[in-house]
Amino acid sequence: MSILAPSRGALRIDNAVKYYGEGSARTLAVDHCTLDIRPGEICMIVGPSGCGKTTLLNAVAGFHGLDDGSIHLDNKMLCGPGQPQAAVGPDRIVVFQNGALFPWMTNLDNIAFGPVAQKRLRRAEARDKAAQLMRDAGLAGHEFAYPGEISSGLRRRVEIVRALMNDPTVLLLDEPYRALDALTKSVMHEALLETYYRTGITIFFITHDLEEAIFLGHRVVIMTARPCKPKKIIEVDIPHPRDYTILTSKRFRELLAEADAGVHDEALKSFALGEREG
Amino acid sequence: MPSESIVVTKIHPATSVRRQRLTFARPRLRALISFVALLALWQAGSTSAAWSGHGWPIISLVPAPSVVLTAWAALLTNPGYWQSWGLSFTRVALGFFAAVLVGVPFGLLLIINRTWRSIAFPVFELLRPIPPLAWVPASIIFWPTQELSIDFVIFLGAFYTIVLNTLGGGDEIDQRLIQAARSMGGSRWNIFRRLILPSVLPSIGTGMQVGIGITWEVVVAAEMISGGGSGGDSASGGGLGFFLWSSYIGGSYPDIIVGMISIVIAGYLSSAAMRFLVARATPWARGH
Amino acid sequence: MIEAKSVSKSYGAGRFAKPVIAECSFVAPRHKCTVIVGPSGAGKSTMIRLIAGFEKPSRGEILTDGKAVTGPGRDRLVMFQESALFPWMTTEQNIVYGPLARHERKADTVSRAKFLLEKTGLMAAKRRYPAQLSGGMQRRAELARSLINDPEIMILDEPFRGLDAMTKKLMLEYYVKLSEETPRTNLFVTTDIDEAILLADRLIVMSAAPMRVRAVIDVDLPRPRELHTLLRDDAANALKLEALSLLHEEAMKAFAGGSRAAGDFIEAYRKRLAAV
Amino acid sequence: MSEIMLLRRDVIAHALPFETLSETLLAQFAAGAEEIRLPAGGVVYDAGSISDDIYFVQSGAIRLEPDVQTAAGLPVQIVRPREAFGWTALASHAARRNRAVAVTPATLLRLSGQNFVTMLGSDQREGQAMRERIAGALADIRGQAVYQPAPARRAEGLGLAMARAALWLRSPAPYLMLLGYALLLGFWYVAVQVLKLPRFNEMPGLTDVFQEWFSRNPVYGVSLFTPVYYQHILVSLRRIFIAFTLATVLGVPTGLFMGWSKTFREYVFPVFELLRPIPPLAWVPLAIIMLPGSELPIIYLTFLASFFATALNAMLGVKSIDPVYVQAANCLGASQARVFLSVIVPGALPYIFTGLQISVGVAWFSLVAAEMVSGQFGLGYLINTSYTTVQYTTMVIAMITLGIVGYASSALVRLVGNWLLGWHKRQFALEGGA
């Protein structure tokens, strides 16, 4: 379990159902998905491309509603019978696959945007706190650069700091490191773990990279091909804090083989379905 | 719309090529509502003097749609009306194809030959800020006949756009493709013919679509200025622009609006023809 | 066989000179698969452009089979990260472009093209345009387009990076089988250590920018190799850890620099130079 | 220097605030430093311990945890390769305020405080500079200068521009440009005044035009020194200014709302697309009928073309914004109004400025024709009347002036655009204009 065992961030999804398309093209994307994520846990959602993982994340974030079932955060109903769509709010912040830092704001203003928009902090206060958070994350010196001027790896970290600035209950990550090369990814993983050790925030992390899932996660949930439904949950019992050396440890390789077996036939099914990445 | 409008319509073809798939009825219904409202307002405004006693400002001076329709019906059988269509179309065709014949090679040379680009492009940029219609009087002096002078101004209108778009196409050539071709032993001419030309073709297409739109704006004004114009001699005249101006001089105001609508239709027909031509010339582009 | 002799390359002049490669020397043995691995933006792609002859090194020289590289040639063909198929040519026209451009005998070219189309499973997509092919099919078409020219040296710059996990695995195993069938000097660039160990006879670990050789590891794992067998093979994992610790250090260093990865700066600078 | 020394020198040379040490001092430091290896979780030093050694991280990462009593306010810091820590104690001779722990297996270079001070003493000038820099960095840590805007960035931009200009001058481009201009003017002069070619001889010659333009008392009364010349220019500029501002004030909001709100678009866009293709100058007769006087129709015609170009581009600008930004802003708790102001407007700005540049060009296009057909003053009018009164040199002068003023106005819009779009331009430049 996490070092700090915080009290909040319990995300309970029970038999969520979501359809896509209209009339004849109406297809089932999420099929009675039930999942309990414990407070302060890094929960990795793994599945073949296009299996509906992102649909589930969007439902938690409130970008669209559910056709059935419900989602609770710390026993408060986000969406369910009577209220099909959750309200978008700073307690559940999404970090998108290709990034969503506002290119027209400096990194500092990007990070300070949340509290100022929610009228919780005045602009000057927010900027000071943002500078402080950037220093903690080792991003000092890039306050006044524009997102377009820093490397893609750094942009990812600024975006995560922007999320943490709002002290969210859950961090929703949608394949945040997909576009990065393997090596930058490993550095990103260690930076994310470092942030996690400091904040103990619950992380709902979607990926199709098994090595990333096992390296980061407390638990890895393997989803079926479309419509997605949890098929198998692997407890990753490698102790935290972790670093790149565990990648070649025996236990890691066993878990990787186990996860690979779980995903393999799902991947073939979705490959046959004609699902392929962009 | 002078040549700079290449930028807006460089984006525009994407919207016009991508058919608006109106899945629900609602957008179409709302479009209908706004058209009907516009027509009703126009009709009411123009005839406001009659039914409401005092004419509304501005709009009451404009002939009502009903009047315009009857005028148009009468014109349909008038050969002079169709003659103006014919004259304007021939002028646009002549000026436009001259612009393509001169503009495309000029643009291609700018892409492949660096010295030519350093010499010719600054001169091109020096003359571009002068709006094409400012050349009408000078063109009348220079060219022997009135017809040629209008064609020259139309040529200028489209020329700038075609050259700029062709050049724009050159910047988008993916250098890696050329490097790959050179590695496989492609000669300079082979690379030009099978690599540079096809990759620039879509941009040339865009330039032609925009260019033909501009020629219609230029021909209307050129015919007005040279044909009608304030006090100019109206020896040959003719064409939709002149038709507009002579309707105004002759006081038959509904014909003015008929003329305006005809020009819009003529412009749309030529752009549609150009779009069709370009789509056929670049079948691979449809694959996207 | 490729030999780089203390090659250096920097872009820009005076105060803005940005060294990308600093005294980098290595040898890629003949008919072997050499894999270059290193942090992104370190200058790997620049080194490839130097070997392919698209650019000249600032200092030092590059020899292929003894003779110095002066410009691009059909003996050294490159496959880039994004597809470089000619969008306006069908798959078949793309493949036969090389021989036709060199005016080789038509009959011979057509038969070789037919053989390669069948081998890469693209016969059905013969008349389709690249935009209508899937990622994996585009990569196979590009491979066929290079192989028809029978180059001595095949250079690949992270060719499978954009593909989804499943297609990537299929393409990797396909490429390993292909390179094991016909002996050819292969130079493969990647940042993915698993890819490197699967393919490499010799593994060259590069430092962060400015790039220089950090370590050379000869990989003598038995052939033919497969991804899932390597996963359980202890020798392969030992190699992976050794390379990984070097790479991780270099990645942290490249990262500590923080500002724009050198690669982006070079790209932007080269384009501006072309515009002047 | 051996490989290891080279590596150490490289580590030290990049560590703040030791970045600009001289080569000799760097070599001494590299030689004097002692390498120590720590497992993950290994403690470098505890809070409160008395020592003034300086540490450079060669590999791995170190975590500085503030001791609760003495430094509660200090942040948790992570020190990365090529960074230094522990040097604050050297300057303030106080006990360690942090507990330094290795997060991952790390190799460090330790330099005893004593060695450091003696080495600094050996090179007086360099030593003094080093001390000042440490004091400055210390002040930084204590929050006096928490963060300051980056003046260096502007200087760097200037330097880059000058380097590029120098490069440009060395290339043949400028001389070929002059050659191009010479060819144009030469052809004009030879064709008209020397060879008197058939159609050219009626045109005004190069020397006649420039003589008239620069003469104190011009033959036809219009030159740089006559007030009427500037009157024409000012009248045209005034019309452009009114029409352009109106088009911007009305066009930008219309375009933004057409892009942003679905209902507004479904009602307004169809009518907008119906009126837009009408060539601006086809409105001339109707404008004269509808609007009183001669000034209003001209401004209406100039406004019309600009309005459609501006509104269309503002709408395309909104459509070009990635919906992800709107979702991100919603996530961060922004209200619809704030999303509009902080995402939609800045996101659409690059397109809006493209639209404004076109709008200026289009405005001149319509103005010239409108002035030619009706109107008392203005450059278009001057061109036409000087043609009808056979004062051809004035006509050419007016055309050249029109070109200059037209270019100046679009350059002005471009300038304002570049100034406002700092982020887009820099990103644009850095990504090589992709």
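Letters A, B, C and D mark the chains in the order given here, with residues in each chain numbered from 1 onward.
Note that a residue touches a chain if its C-beta (ideal position, glycine included) is under 8 Å from a C-beta of that chain, and two chains touch if they have at least 3 such contacts.
On a predicted model such as this, the values are computed, not experimentally measured, just so you know.
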Any chain in contact with chain B as well as chain C: D
Chain centre separation in whole Å, for chain C relative to chain A (CA means): 33
Interchain centroid distance [CA atoms averaged], chain A/chain B, Å: 51
Where chain C and chain D are represented by their mean Cα positions, the distance between them in whole Å: 36
Touching two or more other chains - residues of chain B: none
Residues of chain D engaged with two or more neighbouring chains: 61, 80, 173, 430-431
Numbers and ranges of chain C residues touching at least 2 other chains: 252, 255, 260, 264
Contact pairs between chains, per stated definition: A-C, A-D, B-C, B-D, C-D
Interfacial residue positions of chain A with respect to chain D in the complex: 61, 63, 88-90, 92-94, 96, 98, 100, 102-105, 108, 113-114, 117-118, 128, 131-132, 135-136, 138, 143-144, 146-149, 162, 166, 190, 194, 198, 241, 243, 245
Residues of chain A touching chain C in the complex: 48-49, 139, 141-142, 149-154, 180-184, 186-187, 208-209, 244-245, 247-248, 253, 256-257, 260, 267-268, 271, 276-277
In the complex with chain D, residue positions of chain B that touch it: 1-5, 7-8, 11-12, 15, 26-27, 30-31, 33-35, 38, 58-59, 61-62, 115, 118-123, 126-127, 129-138, 140-144, 213, 216-217, 220-221, 224-225, 228-232, 241, 244-245, 247-248, 253, 256-257, 259-260, 263-264, 267-268
Residue numbers on chain C that touch chain D, as the complex places them: 12-16, 249, 252-253, 255-257, 260, 264-265, 267-273, 275-276
Chain B residues touching chain C - in the complex, by the definition given at the top: 174-177, 179-187, 190, 194-195, 198-199, 201, 282-284, 287-288
